[in-house]
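Should a chain be cited, it is by its letter among A, B, C, D and E, assigned in written order, with residues numbered from 1 in that chain.
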Amino acid sequence: MNYYDIIFYLFAIITVGSAVFVVTTRNVIYSAFFLLFTFFGVTGIYVLLGADFLAVVQIMVYIGGILILLIFGVMLTNTITNVEIRTGTLHLLPAAIGVGVFMGAVVSVMIWTDWKSQPVANPVTTTKSLGYLLINEYVLIFELLGILLLIALIGAASIARREKE
Amino acid sequence: MIGFPILSLITFLPILGMFIILALPKEQPKNVKYLTLAITAIQVVLAIILLANYNYSAAGIYDEKSFQFIEKFRWINITGISWLGTVKIDYFMGVDGLSTPMVLLTALISFIATLSSWTIEKSVKGYFALFLLLDAGMMGVFVALDFFLFYIFWELMLLPMYFLIGIWGGPRKEYAAIKFFIYTLFGSVFILLVMIGLYFSATELMQDGARVHTFNMLALMNPANYSPDGILSALNPNNLRLIAYIALFAGFAIKIPMFPFHTWLPDAHVEAPTPISVILAGVLLKMGTYGILRISYPMFPDITRQLMWYIALFGMINIIYGALVALAQKDFKKLIAYSSVSHMGYVLLGMASLTTVGINGAIFQMFNHGTITAMLFLIVGVIYDRTHTRGLNDFGGLATQMPVYTGFVTVAFFAAIGLPSMSGFVSEALVFLGAFGVELIRVLTMISTLGILLGAGYMLWTLQRIFFGPLNEKWASLKDLDGREYAMFIPLTIIIIFLGVYPSGMLNIMNTSVNSLVSFVTTTIHSTSLGGL
Amino acid sequence: MLQVGLTHFLVVSAILFSLGIYGIVTRKNAVMVLMGIELVLNSANINFVAFAKYGNYGLGGQIIALFVIILAAAEAAIALAIVLNIYKTFANVNVDEIDKLKE
Amino acid sequence: MNESLIVNLSIIILFLPLLGFVTLIFLGKWIKKLHLFEVFILGLALILSIVVMYAKLSFYNVKDIVAAFTWISMGNAPAIGSINIELGIKIDNITAIMLVVVNLISFLVHMFSIEYMRGDKRYTRYFAYLGVFTFSMLGIVLTHNFLMMYIYWELVGLSSYLLIGFWFEKKSASDAAKKAFIVNRIGDIGMFIGILILFTQYKTFTFDVIFQQIGLGNLPFNSTAWLTAAGILIFMGAVGKSAQFPLHVWLPDAMEGPTPVSALIHAATMVAAGVYLCVRIFVMLTADAMLVIAVVGAFTSLIAATIALTQNDIKKVLAYSTVSQLGYMVMSVGVGAYTFAFFHLVTHAFFKACLFLGSGSVIHAMHHEQDIRNMGGLRKKLPITYYTFLISTVAISGVPFTSGFLSKDGILAGTLAFGKLTSHWLIPAMGFLVAAMTAFYMFRLVILTFHGEPRDHHKYEHAHESPFVMVAPLVVLATLSIFIWYTPNPFAPADGWFLKNWVKTPAQVTPVQTRFEFMKPSTEEAKAEVHGEITHSVEYTETMHWAHYPAMILSLIVAGLGILIAFMFYQWKKISADKLAEKLKTLYKLSLNKWYLDEIYDATAVSGTLGFGSILAWFDNKIVDGIVNGSAHVTQLVSKFSNLFDTYVVDGFVNFTAFFSGFVGLSFRRLQTGKVQTYIIFVVFSIIILLLIFKPF
Amino acid sequence: MANTNLYHSLSLITPEIFLSVALVVLVLADLVLHKDKKLIPYIALLGIIGTGYLTISQFGMSGFAFQNSASMFSSYGMITVDSFGIFFKSIVLISSLLIILFSFQSEEIQKINDRIGEYYALIFGMILGMFFMISATDLILIYLSMELMSLSSYVLAGFTKLRDRNSEASLKYLLYGAVSSGLMLFGISLVYGLTGTTNLYIINSLIQGPQINLFTLAFACILIFAGIGYKISSAPFHFWTPDVYEGAPITITAFLSVASKAAGFALLIRFIKTTFVSYVDPNGWWHLINVFDWKTLIIAVSILTMTLGNFSALWQNNMKRMLAYSSIAHAGYLLLGLVVFSNQGLIAILIYFSVYLLMNLGAFLVVMLIANRIGSEDIDDYNGLGITSPFLSVSLAIFLISLTGLPPTAGFIGKLYLFIALVDAKMIAVAVIALLNTVVSLYYYIRVLKHLYLVKPVKEPVAITTSFSNTVLVSVLMLPVIFFGIYFEPLVNFAKSCLLILGL
């Protein structure tokens, strides 16, 4: 048990624990905040895995973008005056069974598989290499993502905008 | 041989007619009727020309050279990738003694049914267009010698039939129409499957010496064409020939209809308009038995020999069961429908005998049942047109009121009973003669003779209930036949009596082919190694 | 066992994944269903990054994770637009009540 | 007179009545008095047939004339060889005689009918039917093969059907017609199977070829049992047509037809066709078959006679008498008295036709009164009818100097000989009993009808003798009932030209071991002693000689006794018939109600078949259709789905997988809840299931 | 990366580039022409035609684009251009062209004319996504192209916003799609973990090694199949289909049912063929690497799919929904072509798809034209239309008969080739089940005909006259259905020439 391990467990607990709250708490706002912690935990894991740039992106895009978007979503789709913004749950039992079995399967896959495991030290910073890869090997995907974002923009705008009627 | 492609003409003329009808204006339904009549009349003329040029000594069956009026050219030709091989489908038509009687029958019954359709008032254009399409489909089935072409025609007539029953039929027409459709399709998917299986199991020797998978029926009959590893090759130890045979047989049996697949028939008949009942009973049912003789028998002679007892058994069940059920009917048309079940049993029994006499009888019975049952349904139609009821107990004493009609009815009924001097007798007698001669099915044949008795029972009872006894006052104003109805009945009556007195007129057409078929089916051994390979 | 290795990360990811699915399935509120989806995507990302590091697969995994994050953003945008649209139409965002189309 | 002329004449004779039929059916509507054309045609046919008979009997007495053509040829059939089905005619002596008998009676009946049927609304059609009947009957007579026999057999059935049901407005008439046809068909099936057996073995229908083959030892399926079976089965045709027990029930009912028809068809000719058939196949009958035939015949004659005792309808009495006499003939074939069977066929044809026509005359005179209890004393009103009727009655009773005495006596002698040779004594006993009863009931009929006081005065007053065309046939037929036409010696039928020259027992072809002892040929010397062709043993000839006189005396006694009793009962009223009936109530009722056979048949065979038919129809509708269709019952049981099923049925959606596919479809549809999260749960579970299935370890 | 490599790659994806440009032009045009948007559909048409031209000019060309220079398998790229891909691209393009033409006629689309630019832009987004799905050989590209297509289609499904059901369809599609793609992504991550790459060719060579954990691979395969299966709406991942098809605008439904399914199939076939097939023998049989039993999986899924689709369709009263189930069933039939794992099966799929394009789009077109006039897609509202509107009814009848697979329509040829492939592979039992399914399918297709022709309408149905352009459009779809039913040589020859899937 070294510091690395302790930090990992810390983040892992944050991630998993808050994720549990995300999916169980009835209050939507709480849930959103727990999601923040989850993302934060994931960020930590990224850092532990040596993905510094990714961690930053995670914070910026996820926490700064997506989460805010989600909270907006919560706000826009609920009456603000209602202090306790709650949500119901449904088919808990089948979900619990199904997901439980599923989780068992996934976890056992993760544990019992003989993964290739020969970690090497990452370069301190990955940003430059990532940038290089982005416009070289993955340039097509990069461009495609551009179009995807354009489509998302058009689509979101198109669908969310008010009709003139 | 004649200078023009008579088979194509006789098959596709109705389709041409259909297009003309679709182009005709709606306002004058008379034109449509006359056009259809003209087309079916031309078909009859063509059929007569065909008969006039028919070579009675050519056998056909498995030998392409002795088929007549052959039209054969490449229809689909997809040439080669190594693993795919050449795919070729021929447009291959021809007639022999098996199909010629059926072609004649189809032409005749179509013509008569057109006459009978004169009373159709509802969307005349559509009716006659579909009618002609149906006509083409039926004709095609009987002249096609390529399995693929056969199948296309086989299915082609389903849809028009569906509409003809469904739109112009009786109160439960939708039910009857869909039942007919589903049943027949259910049967034909099995035919399709076997067809594909045969396609893969056999090859045909092309002129350039290559061996190519084929749908050519004649090539599929030759055991030498089967490759040893084909699933339907007898050389393959895991072959599926028995299962394929049963599947194919089931496909055809539904059309016959053979017990226990017969339940579509009463419904379809009862609900169909008269001319369609006429076609249904007159021609469509024959397709099943024709298919067995044309396809099942020569392609699976080994299995046929193996299963002949079962075929005879089902023939017997059809005969007895159909007759007994007919005995209990209260609806005139339903009674006739079940009588069809019974009569088609004779065909099965005759076929099961695998003898010249029996199969001759079976084919002859197909033709005779076509004409006789057509007449019976026309008879029902006449009375239904006038009274709008078909209850056997609603009538009585019509003989006084409609003597001429009664005369025709008597002829038709006695023909159906199998009275000598009418065609039905000869074919039934031949069926029994043939079947009895085979020791294996002798007992079944003896039981089947009960059908003669039961047939007389229900027919005469019907005759009595409808025509004899005191006249039911309700019908005191019924008119006897008119000119059109005479025109429907007289040709059929003449044919029935003519063939009863001179059966050779028809038997000679099929004789050579039947002999050839019998010797082929009884002697062909399906385990010889692939010749030349 | 306690020595943190690849498996640990993977287990975290697996749990996250399952919780995501659980959230998607059980929450009534559409927005919270979306949160579940984000959890799923995150768990996959952890996988990619962890595999890349421990398998010595280079930076490919990180790049993929990056793409997924971008995609998640786009998806979230569209999803929220649709949810808003639903809210306008149905006056609520309870997924289970939106079942006019069925059978 | 050469052979081909005889053949041609026979063919002309055959087709003349058909020509009449066709002419009358198509032109009868437009041309009045066309029926006379038919009568004329029959007259012509009669003359020609007399010519043919004369030619045949004089010039070709021992040679059969055969002419045939190929009707159906099936080429060279695999494994069988060539199959040719021939049609043709064979004229031997019995054919020639039958030609005249049929034509004569037919002609007389035509003549009689001119007056009898006058005023009927289907007058010409009646003659047309008679024409087609005559044609068919002649066909039976002339045929040289089984197939043609069967064909004409059926055609005779058709014409019988048409004529019995001639007054189809009466339900009883159409019922009777239907019954006649169907009951006949039962017999025909047997006959048909018999023919099938023969054809299967010999690939031909021709009598001569088949008999020749049997003679050569080529038996059906190489078994004497099959030969016996074939004989009995073909005999079944005769059972139907000749109204033998148990298929005799149609004949009395057939009296619903016009009386001349009864005379022609149901007394003289058609019903005799069965006997004719037996005579034709006589040579191939084995001992077992013959015994069956004898027993059937004897039993039939007895049971019919018992019924005839009590009937009150004049035609019914005659009908049962006919059945009884037919039983006699059949029995005669069975006991091997071939010649007497045929002889009785001919004599019976004449006197029974006379009786029927006479009854027709009475009925005509009484305005269609048929109950003898309402008659009486008609002797004065209808003298000619009375005397002809009486002559015929005397003939049928077997009083000497009549033809009936000759033939009946021969038959009784035959049975007696049979009894002696085989110890089957019951058959002669029955024969004599029937002879007594015949005499009794026939005289009962005569007395009740013509003697005594009229019991229905109103009808009696109006009765008058029939016109010439009606009585002339009576006279002719009565004349033919005198012995002189057949033999110069009224007590020795075998010495007459009819039996001595014309009709001879043909040689049996059955294997020797299957014959009765007395039918086996004796030594060569013995054979030479008796008639050339006969295959009987010497003992048989001797026994026949022995039986001749006892039989004659016995028959005279029983006939006299019967007549005496009849007079005691009805003329002199010494004994009260009613009281006797009261005493023997059970027997009387049995007899009056024809042993309840009709009722038994109705209750068993007819309603059994109909009931079975209904059951099957129900089965077909509900089960066969139902299994495939999704039966309504299952529907109701599954009440949850019943509503859906109703719409389903109404919707015309029912089909063979209705229940199944409907259920499956519904369950599948239930999966589609519309809730997207449910779908996702399904996905999760699907993945788990797939994982469980496809785990590659 | 060398420049030549990039140019080479770019030259291979000219259709995709053109599409992207067209997309941008559409967006710009929408902004510029915000007053009068009449031109926009024509721009879209031009875009399709241009792409079509470029695609067809690629015919016969094959190669890899965007090769991974860093890898030792540098010869395999992210994109593969081959005739197989071109075939499916053509299918997508033809259906897109027809959808644009449909959109001219659709009243639903007419009503949102002010957003028509976005509509077409999103359609182009979908097409682009499909193009990449068809030719991608890299898992991550596959995933992203699927997402591109999905995101566009989520929006399009709810695009018209005219009725509740639009929004609902779009939400359901979104949630379902997001979960499916999430599962797929997780599967991809597992594959990545096992092999360290996302390139299919490399995976193919790596999984033949012994060290691969088969269970994990199977798990990953199933997860990935869930993603693809959702696109082709195969059971048990089909649940979204009926709801979305019913709710979406009819043009989009038609598009989803053909183009998106085509792309999904192309992807599935390419994925399996490239990743799991070790070699193709001279007889055209594909030999699977013995790591995952795709054969059994697909047989099971195929049978389940067609059975489920057919039986559920029995009960539908909404035409679109019925056609949705029918399209599920057809996905099942199409999968049959894959279960045999042979070129014979592939050819059957290609033929079936060509035919399916015609008949399914045709059916949707007629349904749309009828809905334009009577405002309903309910089968009950079709009563009596057969008499009053003969042309549309006859065409619909022909399309439905073809969908059933009866001769002499092209649908029969499609089925015939599928069954030929099955029988050739000696999978008779599967063929029998499929055939019986065909019989079941007859029920619901024929039911439409029943309502058109046989059922007496309560009130006199409206007579629907078709404009000239509609008549032409319907005929363009209907005549080939008949023609190919009678003479299918060109169809088969075309399919035969499009069999090449570049692989090991």
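The rule is simple: contacts are C-beta pairs under 8 Å (C-beta built on N, C-alpha and C of every residue); 3 or more make two chains touch, one makes a residue touch a chain.
None of the values given here were measured: they were computed from a predicted structure.
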{"item": "For chain C and chain E, chains touching each", "value": "A, D"}
{"item": "Chain pair, most C-beta pairs within the contact cut-off", "value": "A-C"}
{"item": "Chain of greatest Cα-centre distance to chain E", "value": "D"}
{"item": "Chain at maximum distance from chain A, centres defined as averaged CA atoms", "value": "D"}
{"item": "Distance between the centres, which are taken as Cα means, of chain C and chain A, whole angstrom", "value": "6"}
{"item": "Chain centre separation in whole Å, for chain C relative to chain B (CA means)", "value": "65"}
{"item": "For chain A paired with chain B, centre-to-centre distance based on mean C-alpha positions, whole Å", "value": "71"}
{"item": "Centre distance in Å when chain D and chain E are each reduced to the mean of their C-alpha atoms", "value": "78"}
{"item": "Residues within chain A bordering two or more other chains", "value": "90-91, 95, 98-99, 102, 105-106, 109, 115-116, 141, 145, 148, 151-152, 155-157, 159"}
{"item": "Two or more partner chains touched - positions in chain E", "value": "70, 140, 144, 147, 151, 154-155, 158, 161, 170-172, 175, 179, 183, 190, 193, 196, 215, 219, 242-243, 315, 443, 447, 450"}
{"item": "Multi-partner residues of chain B (each touching 2 or more other chains)", "value": "174, 177-178, 182, 186"}
{"item": "Interchain pairs in contact, sorted by label", "value": "A-C, A-D, A-E, B-D, B-E, C-D, C-E, D-E"}
{"item": "Chain E - residues contacting chain D, complex", "value": "171-172, 175-176, 179-180, 183, 214-215, 217-219, 222-223, 225-226, 236-237, 239-240, 242-243, 291-293, 296-297, 300, 307-308, 311-315, 440, 443, 447, 450"}
{"item": "Residue numbers on chain B that touch chain D, as the complex places them", "value": "172, 174-175, 177-179, 182-183, 186, 259-260, 262-263, 321, 324-329, 355-357, 360, 397, 399-400, 414, 419-421, 425-426, 429-430, 432-433, 436-437, 445-446, 449-450, 452-454, 456-457, 460-461, 463-464, 467-471, 503-504, 507-508, 511-512, 514-515, 518-519, 522-523"}
{"item": "Chain E residues touching chain C - in the complex, by the definition given at the top", "value": "70, 140, 144, 147, 151, 154-155, 158, 161, 164-165, 167-172, 174-175, 178-179, 182-183, 185-186, 188-190, 192-193, 196-198, 242-244, 246-247, 315"}
{"item": "Residues of chain A touching chain D in the complex", "value": "90-91, 94-95, 98-99, 101-102, 105"}
{"item": "In the complex with chain C, residue positions of chain A that touch it", "value": "1, 4-5, 8-9, 12, 15-16, 19-20, 22-23, 28, 31-32, 35, 38-39, 42, 45-46, 48-51, 53-54, 57-58, 61-62, 65-66, 69-70, 72-74, 76-77, 87-92, 95-96, 98-100, 102-103, 106-107, 109-111, 115-120, 122, 126, 129-130, 133-134, 138, 141, 145, 148-149, 151-153, 155-157, 159-160"}
